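Contents: one structure, followed by commentary.
Per-chain numbering from 1; labels A, B and C assigned in written order.
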């Protein structure tokens, strides 16, 4: 099956002559994937996203989204992609939440009735019906993120790109956002591409991780594969998630455990391990 | 302040109606010249520029009763057309907050807009010939002088220049009455006091200035010169800052996009 | 910044004025301003100003904030009034009352009506691009003002502002404005990118007000007509 997104060794020159490139491993995203992009500031994450969105055109290399070059087919590609940028205040256009969510469907040619249906449907999905008539700048940070998310997915895009979606969220709001994104992926089949610095949420939100460093994609794989490569992660100014680090060290000491995907699995494994230890060595 | 916000009730109807019409026509012309692709790129920028101008107007400078507007700077960065659009929005919003009347929003827009337009063109002409900072100072000073002169002409011409000189005694009241008749405006009378003497009955065009007495102008002139100096200094300093940080935005700029209007 | 307070007043008030239909309030404001501009009688102008102030009181909004905003038209009109003062105190007073009355009428409108409703009304006769600029400006004001406040705090904490040192203040303020302006330009580029992605092409669709007219709307409309009539017709008893 042809990948949904494919990026291969791109180079771009900005108007002020600054040159950026992103090489190394190919960046490939298949339909239905949940992909996380990790890397320090200046690694090339924004460059990568901008090329995928068609905002930048490479002077060298390949960028394909749904088999098309995004920059050359901007108006076509943008209908299949929803975006939530880091600073959602700059992304919310409509004076009321309803207006903002309706913005994309109306621009895509939907009638008022159809746009209304889409807006109310997504508001129900994201549980923001009660704030539809509110003015966005009076909402909390978490609510504004949800509004931006609603505006991004209302037109049922194939791909949802999120740039630092967990930035500025309290732990509860963060968990809500993670659950929301996973539900969108699971129930609506939306492919997720997420950039984040919050490495501890990555196992909950990604099936595939790409690590960028200094304009190169230095590794890719599942969370279990990537997080054991501690040296490579440190090269990219990253530390493995706490759970991963703990389980890695325990495994190196010979304990029979596997890398957990989330805290529940970790708890189950540790409980089992401790129970067996207690049976063998009762206090 | 680089200009006075004209309040409601000062100018006669034909002046503020003409101001509204002229501003509206200029706005339509500017909008018509925008290409669809330009709309996406430029409209958010114009909105932000207008917000920037509004915020600049609330920057305190200390003890002097002036505030910046940076209309010329906006004209330099955005071009004359988009600078004018930003000024339209700024003046309408200011009118809603009581800074300037709603009926005279057209006139206020023409006055402030002239700064953005003239400043923008002047800067383009000068910046290749003299230092950029000096070009900014001269552009600001010249455009503020022009806008101030425009305001004085508009306000002054509603009184008639010949009547601007001080008169004395009854002669002045007869002259007042004649002038009132000539302009077609009825004298104002205070109906609650029917027996007030001649002096009190002398017509007062409450929506037109009859007399520009020099005793008030001295102080105003001093404030204006101070305002122009402050605005020119601030603009030059900001331009200087940009030359160090983002010279691409001001070096012989035609505005932020390649087809600056 | 007053905008934030006014916006908050408009969005959170519970008075009959807040509940009235925006169209009736805009119509009322237009007629009141028409009456102010047309009339030349200081007694009637004063009475109208008193009515406007009474309505502001009834709106339940912060009079302190609103009266603070009244200082601006009083100040600017005083310049013109001072010139008229030598002719007649009434002429001077009339100028001040007119300017203040018109401004307070507009403040009554914007402190009881959401800006969204006002811009929706403007969208009926203004080019859509201009309405969009208004909306972008309004949104940007809130974003930029936070940044501006933080920068001002930073300058003051670092000793960069002194009430009596004009040149010093101008220099530091200019630097701050330069930083803010660069931020503006970067922000506009980011906004351009995201708006393009969302298909923006010159029109932000606004939900038009579909509230039906209530008795309070008829009351405001009729009241405004009576006010205008009273202001312009030379009644004599």
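Simple rule for what comes next: a residue touches a chain if its C-beta (ideal position, glycine included) is under 8 Å from a C-beta of that chain, and two chains touch if they have at least 3 such contacts.
Model, not experiment: these values are computed from the prediction.
Relative to the centroid of all protein Cα atoms, the closest per-chain Cα centroid is that of C. The two chains most heavily joined by C-beta contacts are B-C.
Using mean Cα coordinates as chain centres, the one most removed from chain A is B. Averaged Cα coordinates give chain B a centre that lies 19 Å from the centre of chain C.
Centres computed as Cα averages put chain A at a distance of 50 Å from chain B. As a whole-number value, the distance joining the C-alpha centres of chain A and chain C reads 42 Å. In chain B, there is no position where the chain touches two or more neighbouring chains simultaneously.
Within chain C, residues 135-136, 138-139, 143, 187, 191, 195-196, 200-201 each touch two or more of the remaining chains.
Put simply, chain C touches chain B in their complex at residues 1-3, 6, 33, 36-37, 40-43, 69-70, 72-73, 76-77, 79-80, 82-84, 86-88, 90-91, 94-95, 98-99, 102-104, 106-107, 109-110, 127, 129-130, 132-141, 143-145, 148, 152, 161-167, 169-171, 173-175, 177-182, 184-185, 187-188, 191-192, 195-196, 200-202, 236. Taken in their complex, chain B has these residues touching chain C: 4-10, 13, 27-28, 31, 34, 36, 39-41, 43-52, 54-56, 58-64, 68, 70, 73, 77, 85-86, 88-89, 92-93, 95-103, 155, 176, 188, 190-192, 199-200, 202, 204, 206-207, 209-213, 216, 220, 230, 233-234, 237-238, 241-242, 245-246, 249, 256.
Across the interface of their complex, chain A is touched by residues 7-8, 11, 114-116, 119, 135-136, 138-139, 142-143, 187, 190-191, 193-201, 204-207 of chain C. Chain A contributes residues 50, 53, 55, 74-75, 78-79, 81, 83, 85, 87, 89-96, 98-99, 102-104, 106-108, 115, 135, 137-138, 151 to its touches with chain C in the complex.
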